[in-house]
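Next come two complexes, and both contain chain A; in the first it sits with chain B, in the second with chain C.
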Partner chain A sequence: MNTIWALAGVVIKELYRRKDFYVLFVLTAVITIVAGSVRFFQDPNIVRYVKDLCLLLIWISALLVTIATAARQIPAERESRTIFPLLAKPVTRGQVILGKFLGCWLASGIVLVVFYVFFAVVTGSREHYWPVLDYVQALLLQWIMLGVVTAMTLLGSIVFAAPSSTVTIVFIVVAGILFLGRHLNTVAMHYPEPLHSVIYAVYFAIPHLELFDVRERVVNDWGLVSWLACGLATLYAAAYAGLFLMLTWLAFRRKSLN
Partner chain B sequence: MKKVPSCWLLALLFVLCFTLATLFVPRAAWWNAVPRAADWNKGQSQSDNVFKLLLGEGRRLLGNEMFVMADVYFHSGYYPSMFDQQETDRDVADPAHGQADDANSTSDDFLGPPRDWIAALDRQFVPNRHTHLSSGGPSGHVKAVTVQEILPWLKLAADMNPQMIDSYTVGAYWLQTSLHNPREAQAFLFEGLHNNPGNTELLFDLGRVYNEGYHDANRARNVWLAGLRCWEVQPADAKTNVQSLYLCEEITMSLARLEENDGHWPQALKYLERVKQISPDPEGIQKQIDEAKKKAMGDK
Partner chain C sequence: MDAILRTESLCVEYRGRGLKPEIKPALKGLNLSVHVGEVFGFLGPNGAGKTTTINVLLGFIPPTRGTAYLFGIDVRQPIARQRIGYLPEMTYYYKFLTAEELLRFYARIFGLPRREADQRIDRLLKLVELEPARRRLIKTYSKGMQQRVGIAQALINDPDLLILDEPTSGLDPLGRMKVREIIQRLKNDGKTVFFSSHELGEVETVCDRVAIINNGELKTVGGVAEVIGPNHTNLEKAFLDIIGYQLQPAL
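Moving on, here comes the complex of A and B:
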């Protein structure tokens, strides 16, 4: 376990050495503050559009940071040939995968904490209301979702040739799931067999990342999601993350490092 | 080449930022400024805003989307997507059009029962009940002023498509009724009239703001009379459609009520007679005429 934690620590250090996160955070902050400074009908209490915009930017930024970080981990080790001394130590390939996954996932968690603190401060200063538990729940659900994305990206980084193609493909897949995943069962109803069954099979096969998107509830003050539902969603995400990590390990185990 | 010290580069960047800020800030303020009545005669139109600058005439396509967003916020996010049965009626606009704010009107359960366990689980994470901001929102005890949250979208809808009358009338209605802000309602309707001179619907709503918001019967009367004149000069085919006739009936009836309140019975009866000619319920109007005649006799 110590080996996995040591590998994860290196990934976290890499996060704060690189500029991606800082750039995205400053961009999110500037856009949110500019949007928040616009006053409609001289009313200072209008806030939901700012929350909506800020959460959208947080989702995009967190996805970008997570995918970009996870996609370059193993290819960078191979390119700089640091993978050889790493594997020469008593470290298995499975531990490398788990260490990289844990590091990327924790790094995305740190990113989310920073973003959500900013979100809470901006919206709280405007509406003078602090639904902290709602924000914590939204953060946790998003973090769990990012776990699946991290595992998926690590698999992509083994399968695809370059980190750039991994980032592009994973980003398109994740965006596709977030936009369409929820509606595939409705779409399937409009098609005859066998397309109906094919679309339904895809619907059940894909990881439903949109389950973890509670932005609408947070923006419109719907209150907390039941913790039982959150627990079920967590088990669902854990199953998919485990599956992707297993596939990554299987692919990495046979992969030539040269 | 000699390396430039980083402090010099920073100073240069600071000067550049300051220059750009001094250049753009006054312009940005002017782009977003709401014109008042005094600005009407200025050559620059309100529709020449930042969106026109960026998107040209294509921005009109987004006007309806912005209006839909106001309706989405009015429903606290519980709204059909492009994959569900479409919402044909905009509940946010119903009260402004004189219809009851019925929280169970449309799309009460557009999702239907969940088709599978994923859909059932998904319902827990999204807005899952039809509510209106005006009637308490999701928790049922949200203050009426929360309706203010729809206003940015109505303003954006008006900026995107200045000829979309509903944006002004719906915005002014909620500003006037729920938020008790007749000044902003008036300014928004002025903006609408600036972009749509002589629009009868906007003049009718402006009269309502004067009458109910400012309790200024004289200005309300003048604006409604102007509205009636604008209605008269419309082409014949525009006057015969149901919506246009309803608007004329509303304006004339409002004028009749004003004259009744002021005790100007002959004028009130004249307006009521006119309403009778266009109303779908002439018998009901005749009863009102008879009552008005009795009251007029009593006053004498």
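Moving on, here comes the complex of A and C:
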């Protein structure tokens, strides 16, 4: 476990030493400036619209940072050949994958905290309303979803040759799931067999990342989702993340590194 | 004497791509034994199979046939690498870390307690003369300094066996001398050193035994004096003779 934490620590250090973190701060500042103008027209609908926009930007930025960070981990280790002195130590390839996963996932958590704190402070200071628990729940669910995305990206980084291909493909897949995933069962009903069964199979096979999206609830102030449902969603995400990590390990364990 | 490093009929074949992939043998039944406390030089021209052998020993590539053991443990098991140190030919380290952070990272991987890790990091940074630059990012180091970080990381677990892949390649004369000094010091401490090199003069100076490999085949193995033999004046001449190099007539 010590090895996995050590590897995760290096991933987090890399994130902020590569200045990605500071770029994020700038992005956050831009978002907060937008959010800061929520009371500009004294219209509650505009407040909701701007909050919705801010949360959408948070989702897109967090996804981009997570996918870009995870996609370069193992290919960069191979390209810069830092993988050699690492694997010359008593480290298994499975530990490398778990360490990279943990590091990227924790890094995405830090990124989310920065975003949500700014979002909460700015909107709260304008509205004088602090639904902290709602924000914490939205953050936690999004972070759990990013765990699945991180594992999926690590798998992509082993399968595809270049990190840029991995980033593009994973981002398209994740966006596809978020926008279309929930409608696939309805779409399936409009097609004859065997397409009907194929679309249904896809509907049940893909990880439904949209389950973790509670932006609408936060924007409209509909209150908390039950914590039991959150727990079940966490188990659902853990199963998919575990599956993707297992596939990553299977693809990586016998790969020649010369 | 106990063999600390052993290969038995080790074969590695690289397979090309396509419908009829070409199979290129990189190692052809290599049998080697390195004993406790000796400095062993592994020599051969470029493409002879030196780095492939080291890659198999460190588990980077699986052998096609045959086996390799470190401390009697099959190299495919990570625990076989618990008591070894490895210095690659080039400086392959996280350049966004400082020397101190890098050593701490590797110390954690070996499971060293914090206090012991601190003491060892201090001692190693002094040994490789990087104490004043310990908090600078590795990317700001010169090539020689990066190679010295490499030596420090290879020694962080106080290894019983050091595997060095062309440790002096690309270093200036002073850097080479420092590496030689460190190898000598390790030898005096009873450590086993296995290193590949093109620097035959250096090998002659520090090695107890040498092996010469060419086209994936072991050509000779023995003590330095034994390999030089009565027919050659130095290791370089013996090496050229053993690999079958014919001196070209002057143009």
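Just so we're on the same page, the second predicted complex is superposed on the first by the 240 of 258 C-alpha atoms of A that agree within 3 Å, B and C clash if a C-alpha of one lies under 4 Å from a C-alpha of the other, contacts with A are read in each partner's own complex, and residues count from 1 in each chain.
Operating definition for what follows: a residue touches a chain if its C-beta (ideal position, glycine included) is under 8 Å from a C-beta of that chain, and two chains touch if they have at least 3 such contacts.
Model, not experiment: these values are computed from the prediction.
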Touched partner set for A:Arg17, first chain B, second chain C, both or neither: second
Touched partner set for A:Tyr129, first chain B, second chain C, both or neither: neither
Comparison of chain B and chain C by chain A residues contacted: B
Partner chain in contact with A:Thr3 - chain B first, chain C second, else both or neither: second
Partner chain in contact with A:Ala233 - chain B first, chain C second, else both or neither: first
Overlap of the chain B and chain C footprints on chain A, listed as residue numbers: none
Of all residues in chain B, those that touch chain A in their complex: 32, 73, 76-77, 81, 83-84, 115-116, 118-119, 121-122, 124-127, 137-139, 142, 145, 148-149, 151-153, 155, 171, 175, 179, 181, 184, 188
Touching residues (chain side chain A, partner chain C) in the complex: 2-3, 5-6, 9-10, 13-14, 17-18, 80-92, 254, 256-258
In the complex, chain C residues that touch chain A: 51-52, 55, 58-62, 78-82, 84, 86, 88, 90, 92-97, 101, 105-106, 108-111, 137, 150, 153, 157, 163
Touching residues (chain side chain A, partner chain B) in the complex: 38, 40-43, 45-49, 141, 182-183, 185-187, 203-204, 208, 210-214, 216-217, 219-223, 225-226, 229, 232-233, 236
